[in-house]
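Should a chain be cited, it is by its letter among A, B and C, assigned in written order, with residues numbered from 1 in that chain.
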Amino acid sequence: MSTTLFIVQTLNGLQLGVLLFLIAAGLTLVFGVMDFINLAHGVQYMLGAYLAVTFYGLTGNFGYALVLALIAALLIGLLVEVLVFRHLYERDHLDQVLATFGVILFVNEGVKIVWGAAPRNLPIPDFFSGSLRLIDGLNYPIWRLCIIASGLLVAAGLWFVVTKTRIGMRIRAGATNAAMVSALGVDVRRLFTVVFGFGAMLAGFAGVMVAPILSVEPGMGDSVLILAFVVIVIGGIGSIRGAFLGALLVGLVDTLGRSFATDLFRLFLDTSAARQVGPAVASMLIYLLMALVLLLKPAGLFPAKGR
Amino acid sequence: MTEPKSSARADRFAITLPLALFIVLALMPLLAHYLPGERYVIGLFARVMIFAIAAISLDLILGYGGLVSFGHAAFLGLGAYAVGITAAHGITDVTVVLPVALAAAALFALATGAIAMRTRGVYFIMITLAFGQMAYYTATSLSQYGGDDGLRLAARSTVLGLPVLADSRGFYFAVLAALVVVYLLCRMIVASRFGRVLRAARENPVRTETMGYNVHAFRLTAYVISGCICAIAGFLLANQNSFVSPAYMSWQRSGELIVMVILGGMGSLHGAVLGSLVYLLLEELLSGFTEHWKVIFGPLLVLVVLFARGGLMGLFGGGRRG
Amino acid sequence: MAEPILRLESLRKNFGGLRVTDDVSLEIQPGEVHAIIGPNGAGKTTLLNEISGLVPVDAGHIRFEGTDITGTPAHHRARLGIARSFQITSIIPGFSVQENVTLAVQARSGSSFRFLWPAASERRLEEAAEDALEQVGLSVRARQPAGTLSHGEKRSLELAITLALQPKLLLLDEPMAGTGRGEGERLIETLRTLKGRFTFLLVEHDMRAVFALADRITVLVYGRVIAAGTPDEIRANAEVRNAYLGEEAA
C-alpha cells in the first residue's frame, strides 16, 4: 500500500463525498421540512447528466450546457412537484415510497426512449482537462479537483444561506417543526416549493459535474440514491451539517474500503480467501457503518428534530 | 348497534374473493390447455403464485404489523440459495433443503430484526434496506456458487426422492398447495391472540406496551415468521427457474414486493395475492406491447397511489385502510 | 403502618439542561387516592412516565410493593400491576370499543403467543370486557370503532382498559381534561365508587375532582415537591397558594 495510492484514493473519496453531499443535501431538506421520502431524487441527478449531454451537443460549450441543464433540471423538478409530489406530502411514507418508485420507473425508461439505452459521454472542458502534479509522482485529474472544489463551494454557500439568511432560518425551523412554522404564518407551500426546487438543482448540478467522468446511462441514479439515503440516515434527517459530514464519511469509507479491504484481509487470511471476502465486505462497509451509527445514535449523528 | 356497512361487505369479500382466486388458479392448468403456449401460461401463473406467497409474508408484517421492510427480497434469496448451495453439495431433497431454507431465514430474521427493531419509521426502512443490500453483496461474492452470474440447478428438488416437481403441472399444483396453506396459516395468525396484539401495536405501540405486552418480542416473532414464509417462496422460485442469482435479492425486487402488497391493498392478505397477480400480469401484458412498458407502468403506479387509496381491495370496498 | 404500595426515592431526571424531576420522593399507601397537582410544566406527566417505565430516571429508586422496579421495562411493570391512562387519550382507534378492552383482558389471561386459535372466539375474555364496559357505562358503544367515540367516551374507554388490567396501582393523567360538566361529574362518581378497590395516583388540574377524591396531595413545581399532605393541609399551605392555588382555593 503506497502513500501515493492512499492519497489518490483519499481524494477520490472526497470527490465521491462531495458528490453525495450535493445529492443528499436536497434529499435531507425535503425529508426534514416536508417529511417526504423522495426515492425519485436519484433520477434528478441522472437528468442533470443527460441534459448536460444534450445541451453540450447543441452549444458545444460546457459552461452554457451547465447553466441550461441546471435551468431545465429545475423546471422539470418543479413540474413533477406540482403534478405529483405536492399531493403526497400529507400521505404516509409508504404511499410516498410507492409513488416515487413509479416516477423512477417512468424516468428511467423515459431516458431510454429519448436518449437511447447506450451510455453517453461528455468530454471534459479543455480548460480543466489533464492532471495536476500535487507532489512528486502524484498526478491528480484537474476535473476531479474541480468537482471537489465546486462541492465545497456549494457547501459553504448552503451554510451561509441556511445560517445567515431569513429563508435559511425558515428552512431550519421547518426542518425542526413544520407545523409550528406554518402556524407562525409562513407560507409553507412556497417554502416547500423553494426547498424542493433547490434540492433538484443541487442534484442536477451533481449530475452535470459527473457527466464528463462517468458514463451517462439509464439507472445511474439508483445506486447513488441508495448511497444518499445512507448518508442522510447517518448524518441525521433534516440536517445539512449531518449530510455534509455523513457524505464525506461515506465517500471516504466506501472508496478507501474498496481499495484496501482485500489488502487488509490478506493480513489475516490467505490470498484467495481475502480476494473473496474483501470485495464483498467492501461493498457492505457503508451499510455496516450505517447499522453501527443507528445502533449508537438511532436518529443519526446530527438529527434536526429535537429530542 | 348495527354493523357498519363496509365491515359487512369486507367480511363477505374476505371469504369470496380468495375463494374465487384459488378456484381460478386451480382451474388455470385446464384453461391453459386451450391457449397457445400452455406451458408458458402455467409457468406464468406459477410465478404469480410464488410471488403471492412472498407478498403475503410481507403483508403480515407490513399491513398488519406496520413494519415497512425494504429488504424483504433477502428472504427470497435465502430460500433460493438454500436450494442452490445444497444442490452444489449433492443434496436435493425437499425434506432437507426446505428446513435449511427456513432455518437460514429464521436466523437472518432474528439477527437483523433484533437490530432493525430498535429503530422506527424511515430509519427502519433504511436499515432493512441495508441488510438486504448486505445479503445481496454477500451472494455476489460467493464465487463458488456462481457469484454475480448465478448458479444453474441441474434439476428441481425431489420430494422424498420422487421427482414430483419436475413436471410443470406437478410443480404448479405444489405451488398452489403451498399458497393455500400459507394463506390459511396467515389468516389464522392474524385472527389469533398474537395477531390481535400485533395489530394493536401497529396503531398504538405505547398503549399496547403499557397493557403489559412486550411489543418488541411480538414484532420480532412476526418478522421471523414472515421471513420463513418468504423463504418458502424463494425455495419455489429457485426450483421454477432452475436458477439462483443475487438478483433475487436486489432492492428493486424488495420494492416490487412492497408495490404488490400496496397495489392489492395491504392488511388483507388476499390483497397481496391480488396485487401480485395484477402486477405480474400487467408486466406481462404491457411488455408484450412495448419493451418500454415501464413508461406506462410507472405513471399507473402513481395514479393508483393518488386516487386508489387502499389499493385494489380499497376499490372493492373490501380492504382496511388506515 | 403497612408497606407503601409505591415509594419514590429521590428521583432525578434531566432533559438536556432542564431538570424535569428534582429529587422527588413520595409514598403511597395501598387503597389511597393520591393526587399530584402543580402548574403546567411542573413535570407531573414525566413523573407518571417514570413510574410506568416509559422514561428512565437518571437517579433514585422506584419501589413497587417493596420491589425495586427502577430498571424494569414498561410492559413488565404493567404485568406487575401498574396501569395508566394518558393525558392525550391513548386507545386503539381501529379496534372496536369492546376489542380495546378485550385486548387488556387478554394481557392478564395467559400467554398471547398463541398463533392458531381465533381470539374472537374466547368467550371468557369477551365477558370480562363486557363487565368493564358496563362499569364505565360504555356498553351501548361496544361494537363501534373506538376512534369514533367522543372525547369523554374515549376517556371512559381508557378507564375501562385500565380496570380490565386488574391493576393494583392506577396512574391517571388528567382524567378530567376536556370533559364537559356532566361527563366530569359522572367521571368523579365512577372514580369515587372505585376508591378502595384500587390505589390511585392522580395527576389533575381540576381542583373540584382533586378535593372530592384525594386522600393525600403532593404539590409539584418545576420538578420539585414543595408540599405534601392532606387536602386541608394543602389548602392552608401559604407556599402552595402562592405558587399554584392563588384565588382558586375552594
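Quick note on the criterion: a residue touches a chain if its C-beta (ideal position, glycine included) is under 8 Å from a C-beta of that chain, and two chains touch if they have at least 3 such contacts.
Everything quoted here is computed from the prediction, not taken from an experiment.
At the centre of the protein atoms shown, by the Cα-centroid criterion, sits B.
Of all chains, the one whose CA centroid is most distant from that of chain A is C. Spacing of chain A relative to chain B, judged by their CA centroids, is 32 angstrom.
Each chain gets a centre from the mean of its Cα atoms; for chain B and chain C, those two points are 43 Å apart. Work out the mean CA point of chain A and of chain C, and you get 49 Å between them.
Residues of chain B touching chain A in their complex: 62, 68, 70, 115, 118-119, 121-123, 125-127, 129-131, 133-134, 137-138, 140-143, 251-252, 255, 258-259, 262, 266, 292-295, 297-302, 304-306. For chain B in complex with chain C, the touching residues are 1, 3-4, 188-189, 191-197, 199-200, 203-204, 206-215, 218, 221, 320, 322.
Those residues of chain C whose C-beta lies close enough to touch chain B in the complex are 52, 54, 73-76, 78-79, 83-84, 86, 90-95, 99, 102-104, 106-108, 111-120, 122, 140, 142-143, 145, 161, 165. Within the complex, the chain A residues that touch chain B are 31, 37, 84, 87-88, 91, 93-95, 97-99, 101-110, 112-113, 222, 226, 229-230, 233, 237, 276-277, 279-280, 283-284, 287-288, 290-291, 294-295, 298-300.
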